[in-house]
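Multiple structures are listed underneath, in C-alpha cells.
In the two complexes below, chain A is the common chain; its partner is chain B in one and chain C in the other.
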Partner chain A sequence: MTALLTIQDYRLDIPTFDGALKVLDGIDLALDQGETLGIVGESGCGKTVLARSILGIGPAKGKRVSGSMTFDSVELDHLDEAGWRRIRGVKISMIFQDPMTYLNPLFTIGRQLSDVVVAHKRAKGERLPSRAEQRKRCHALLDQVQIRDFERVVDSYPHQLSGGMRQRVLIAMALAGEPQLLIADEPTTALDVTIQAQILDLLRDLVDRLGLTVVMISHDVGAIAAIARRVAVMYAGVVVEQGMTNDILTQPRHPYTQGLLAALPDIEGGHQVLESIPGTIPNLIHPPSGCRFHPRCPRATEICTAQKPVARNIGADHVVACHHALD
Partner chain B sequence: MISFTFRKVAVLIGTMIGLAALTFLITNVAPGDPARLVAGPDATNDMVETIRVEYGLDRPLIEQFAIYMGDLFTGNLGRSIVSTRPVLDELARYVPATLELVLVAMALGILVGVPFGMLSAVYRDRWLDQITRILSISGVALPAFWFGILLQLFFAVRLEWLPVSGQLSLTALAPEPITHLLLVDTLLRGDFETFREALSHIILPAVVLSFPCLASILRVNRAEMIEVLQSDHVVAARAHGISSTRIVTIYALKNALLPTLAIIGLRFGWMLGSTVLVETVFDWPGIGLYAVSSALASDFKPVIGVTLVIGFMFMVTNTFVDLAYAWIDPRLRSAQ
Partner chain C sequence: MLSPVTTLSIDAARPPLLSVTGLTKDFSSGGRLFRAVDDISLQIPQGGVLGIVGESGSGKSTVARLVMRLIEPTAGTILLDGEDLSAKSGESLRLIRRHMQIVFQNPHSALNPRHTIHDAIAEPFLVQTTIRGLELERRVEALLDIVSLPKAFKYRYPHELSGGQKQRICIARAVALEPRLLVLDEPTSALDVSVQAQIITFLQELRDRLNLTYLFISHNLAVVRYLCDRVIVMNQGKMVEEGVTDAIFANPSNSYTRQLIDSIPRLPQRNLVY
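Up next, the complex of A and B:
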C-alpha cells in the first residue's frame, strides 16, 4: 500500500537580505491512510512552514530547493491555481492556531462557512447549492462540532463568540469538504486550559468517527499524545526522531527529544527544578555544520560537527537521526 | 445600528452649533470695529453709530449671539456688502457648482483609486504596481494650478477634445433647476445634449481636483491590501479552497476599505477647501472663487457663509463615513 502523503528530502529556503534562511533541511515523512501523525518541536523549528507547504500556502517568498511532496499520487509541487482548488479544503484541509485571527472579522460565521461549502462544490464540479441547502449544510457541519445553538452562531460575527466556539467553527470549516487529510496547526495553543481539553476531546472524537488521517502540529507533547499514534520530533528544520508515540515518549533516543521530554513539568514529581536545554535555537541563515543540534548537545563529539547524521532505523518503526543514538 | 446612527447625528448637530458659535466668536474677537468697516473709511462717527445700532452691534454680546444663531436657523446669513444680495441666494448659486465638481472628483478618486490600489497590492513589485506608484507619487506632488494648465494646453488647446474652461459653453442653456446640480438636472430633464456639454466641461477640472485625492486613496488602499493579504484569515480562506479572486475582491477588500474610508472623509474636506485653485484655473463658477473675492473685498458675511457651508458639508461627509464604518465593521456596532 502506498502512503497517502509522502514527503521526500524536502528542502525549503526563504531568501532574506542577509542570506537564505534554510528553514527545512531535508524532511522525510510518510503518512498512510487513517494514520495520525504528530509533529513536535520548539517555536521556529519549521513545523508550521512544513504544514503550510503541504497546502501550498507556505511563506510567499519560500523556495523549494529540493525534494518533493506527493499526496494521493499528485505531485503537490507542480500544481497551479486550478489544481490547488481541487486539493485545498476538499482533499487536504487545515485548522489553525488562533481562532480569532483566522476568521474574517467582517463576515458572519454563516457567510464564511457557506462560502467554503460553495467553493468545495465548485471544486468538485457539482451543482451549486441553493441558499436553503447551504444553510442546511452549515447546520449539519456546526452540529458535527457540537455547536448546539445554531441559530445564534450562524448569524454571529467572530468577535461575538468565545475562543472555544470559534475554534469549533474553524474545525467545521476544515471538515466541510470531507477531506482525506486534516492538518491541525497548534489547534489548542491559543485557548484556555479547560477549553483545550474540550477541543482535544472533540478532535479525537472526530478523528475516530470519521477515520481522518491527521497531521497535528504542536509544541505541547501532551496534546500530541492525545491525538497522534505516531510522532515526529523536529529541530531546526530537521526531523530528528520519529516513531510510535508510545516508544518516543518512553524511550526517546535523540538527545534533543530527551531534553524536550525532560523539560516537561511532572504533576507527580513534587517540588523539583525544571530541566531545560541549554542554548537557543540556531540561526538558520548560517546553521551549525554537521548535526544542527550539536552546539546544544551534551553528547556531541567531533563527528557531529562534521557530518550530518543520516536517519536510521533502530527498531520497529523508530527512526533517529543521531550519530550517538545508541550510546 | 439605529442608536449608533442617532448618536452620530446628535454629535453632528452639536458640532454644527459649535462651528456656528466659533464663527461668531472669531468675528467678534477679530481686531477692528465691524461697524466702522461696514461704514467705510470716510464715515463720520455719527454714521458709524447709526450703523452700529442698525446692525444690533450695540447690544450685549450674548444677545447678539442669540440673534445670530436665530438668524442661522431661519437661513438668514445676512447680505453681501459688495452685491447687496442675501448671502444665502449667492451661496445657492455657487455651492452646487462646487459640490458637483467635488463629487465628480471624489467619485473619480474612489473608482480609480480603490481598484488600482487593490491591483497594485496583488501585483506588488510588478510593472503595474510600479506605474501606479509613480502616478500616486506625482499625484501628491504636482501643484494643481500647474497640472490644470498643462491639461488645458494639451487636451483643450492642442487636441481640442475638451473645452478649456467654464461650466457650460456660452451657447448652451442650463435647464430649469431641480437639484441645482447641472449633471443631475440635465439628466432628469432628459436634456442629453446639455448633459454631454456639462460632462465635457467638468472632466478636466474634476481630474485635476481628484488627482491628489486619488493618489492618496490609492496609496492607502494598496498599503492596507498588502497587509490584509498577509493576515491569518486570508491564509485560512486560501487553505479552505476559496478562490484568489474572491479572497481579494471580497474578503480582503472589505477589510482594507476601513482605513481607505477615513482618507476619503478627510480628502473630501480637503477638496472643498482647495477647489479655489482649480476653480480659478478653469473659471469654474464655484464657492472657492466667491470666497476669495469676498475675502479680498473684506466682505464678511459671505466669508462666514462659505465657512459655515464648507464646515457643514465636511461634517455631514464625516458623519456618513462614520456610519459607513459601522456598517462595514460589526465590531464597531456592538461596541456601542
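Up next, the complex of A and C:
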C-alpha cells in the first residue's frame, strides 16, 4: 500500500536579518490512509510550521531547501494556486488552536458554514446549492460534529457560543469539503479539560465513522495519546523518534522523548521525582552541530557533536535518530 | 544543589497563616450582578501548600486577586497571620503587602519591557525598604542566584530571556522581600512541560529553604497533585470539594470533581529506565 502522505528529507529555512532560521531539518514522515499520527514537541520545535507546510500555508518567507511532500500522488511543492484550490479543504483540511479567532464575529454560524459549502461546490464546478440545500447541508455537517440544537446554533454569532461549540463548528467547516486528511493543530489547547475530553471524543468518533486520516499536533502528550495510533516526537526541527504511540510512551528510546515524559507530573500520583531537561531550546539560526539535542543530552559523546544521527529502525515500526538510543 | 524535599512539621497549635472566611465577589456587567466568587472559606497553615483547581470562569484567579487585595471583596474577611487585611487601607495596607506577593500566569506580560532585569528585581526594595546602593546590588545578585540565573542577567531586558527565565525573574521579584505568603496564579501554564518541571521543582526547593506558604492556583490537576498538600475544587464561583490532595484525587466525593479528574487523558504506564 502506498502512503497517503509522504514527506521526504524536508528542509525549510526562514531568512531573517540575523541569518536563516533552520526550522525544519530533514523531516521524513509517511502516513497511510485511515492512520492517526500525532506530532508532539515543545514550542519552537517546528511542529506547526511542518503542519502548515503540508497545506502550503507555511511561513511566507520560508524557503524549501530540499525534500518533497507528496499527497495522494500529487507533488505538493509544485502546485500553483489553482492546484492548491483542488487540495485545500477538499483533500486536506485543517483546524486550528484558538477557536475564538478563526470565526468571523460579524456573521452567523450558518452564513459562515454556507459560504464554505458554496465555495467547495464552486471550486468543483458543480451547480451551486439553493438556500434550502445549503441549510440542509449545514444541518448535516453540524450533526456530524454532534451539535444537536441546530436551530439555535445556526443563527448564532460566534460570541454566543462556548469555546467547545466554536471548535465543533470549525471542525464542521473543515469537513465540509469531505477531505481525506484532517490536520488538527493543537485543537484542544485553548479549551478546558472537560471540553477537551469532548472534542477528543468527537475526533476519535470521526476517525472511526468517516475513516478520516488525521495528523494531530500538540505539546500535550496526553491529548496525543488519546487520538493518535502513531506518534512522531520533534525537537528543534528534527523528528527524533517515531513509532506506535504505545511503544514510544512506554519504552521511549530517544533521550529527549524520555526527558519529555519524565517532566510530566503524573495525575495518578505516586510520588515520582520530576525530572527537567537542563538548558533551553537552541537558537535555530546557529543550531548545535551534529545532533541538535546534544548540548542538553545526558548521553552525549563526541560523535554527537560531530555527526547528525541518521534515523534508524530499532524495532517493528519504531524509528529513532540517536547515536546512543536507550535500550 | 539544595537539600532534598523534607516534610515540614506543621504546628497545629499555631493559627493558620492565611485564613479566609465567607469570601464573596460580585462583578456588575451591563447592570446585572455576576457572582464570581461565592462564599469561599479556606485556611493555609504556615509552610503549607494549598491548591485551587477549576476550569476557566470558576473564579479561582479572582480568589487570588482578592487575597492579594488587588480587588475589593463584596463580603468576607481575609486574615494574614491574624491581621485583618480587609480592614486595612493606605499606608497600613502598603506595609503588610511585603508579606504577601503574587506571581502571575504570563511572564511575558508581567515584566516591564523597558526595565532591565535589575530594575525589575530592585523595585520591591525601592518601594518597601531603605536598602540602596551596594547593598541593593548585593541583594539583586543574591536573588538571581536563588533562582539559578547568572548574575550577568541583571543587565538584560525581558525580551532577551526565555519564558522559563522570565518566570524565574518574576519569582525572584516576588520573594525579594521574604514574604510569608506567595500566591501563584497559574505560574507554569504559559510554559513548556520541560520548563514547567524546572519551575515546579524549583518552587518546592524554595518553599523548603525560605519556609514559604503557597496558594497555588491552576487548571492543571497533575501539577496540583504533585505540589499541593491540600486542594480546593471550584466550580462556578463555589467551592465544591476541599481536602487532602491524595484523598481527593483517589476518591473524589463530588461528581464535578470526578468528571474533572476523569477528563484528563491518561498515558500508558511508563517504564522509564532512570
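Simple rule for what comes next: the second predicted complex is superposed on the first by the 320 of 327 C-alpha atoms of A that agree within 3 Å, B and C clash if a C-alpha of one lies under 4 Å from a C-alpha of the other, contacts with A are read in each partner's own complex, and residues count from 1 in each chain.
To be clear about the criterion, contacts are C-beta pairs under 8 Å (C-beta built on N, C-alpha and C of every residue); 3 or more make two chains touch, one makes a residue touch a chain.
Note that the structure is predicted; figures quoted are calculated from it, not measured.
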| item | value |
| --- | --- |
| Three-chain arrangement built on chain A, chain B and chain C clash or fit | fit |
| After the two structures are overlaid on chain A, angle v-u-w for chain B, chain A, chain C in degrees (C-alpha centres, nearest 10) | 80 |
| Which superposed partner A:259 touches (first chain B, second chain C, both, neither) | second |
| Partner chain in contact with A:177 - chain B first, chain C second, else both or neither | first |
| Partner chain(s) touched by A:159 [first = chain B, second = chain C, both, neither] | first |
| Which of chain B and chain C A:316 touches, first, second, both or neither | neither |
| Partner chain(s) touched by A:132 [first = chain B, second = chain C, both, neither] | neither |
| Chain B versus chain C as contact partner of A:101, first or second or both or neither | first |
| First, second, both or neither for A:197, with chain B first and chain C second | second |
| Closest Cα approach, chain C to chain B, once both complexes are overlaid on chain A (Å) | 7 |
| Footprint overlap on chain A, comparing chain B with chain C | none |
| Interfacial residue positions of chain C with respect to chain A in the complex | 55-56, 162, 164-165, 192-198, 200-201, 219-223, 225-226, 246, 249-250, 259-274 |
| Footprint of chain C on chain A - complex, ascending | 42-43, 192-194, 196-197, 200, 219-223, 225-226, 246, 249-252, 258-269, 274-277, 280-281, 326-327 |
| Residues of chain B touching chain A in the complex | 230-233, 235-244, 246, 251, 254-255, 328-331, 334 |
| Residues of chain A that touch chain B when the two form their complex | 52, 55, 57, 60, 81, 85, 87-90, 93-94, 96, 98, 101-107, 115-116, 119-120, 123, 157, 159-160, 170, 173-174, 176-177 |
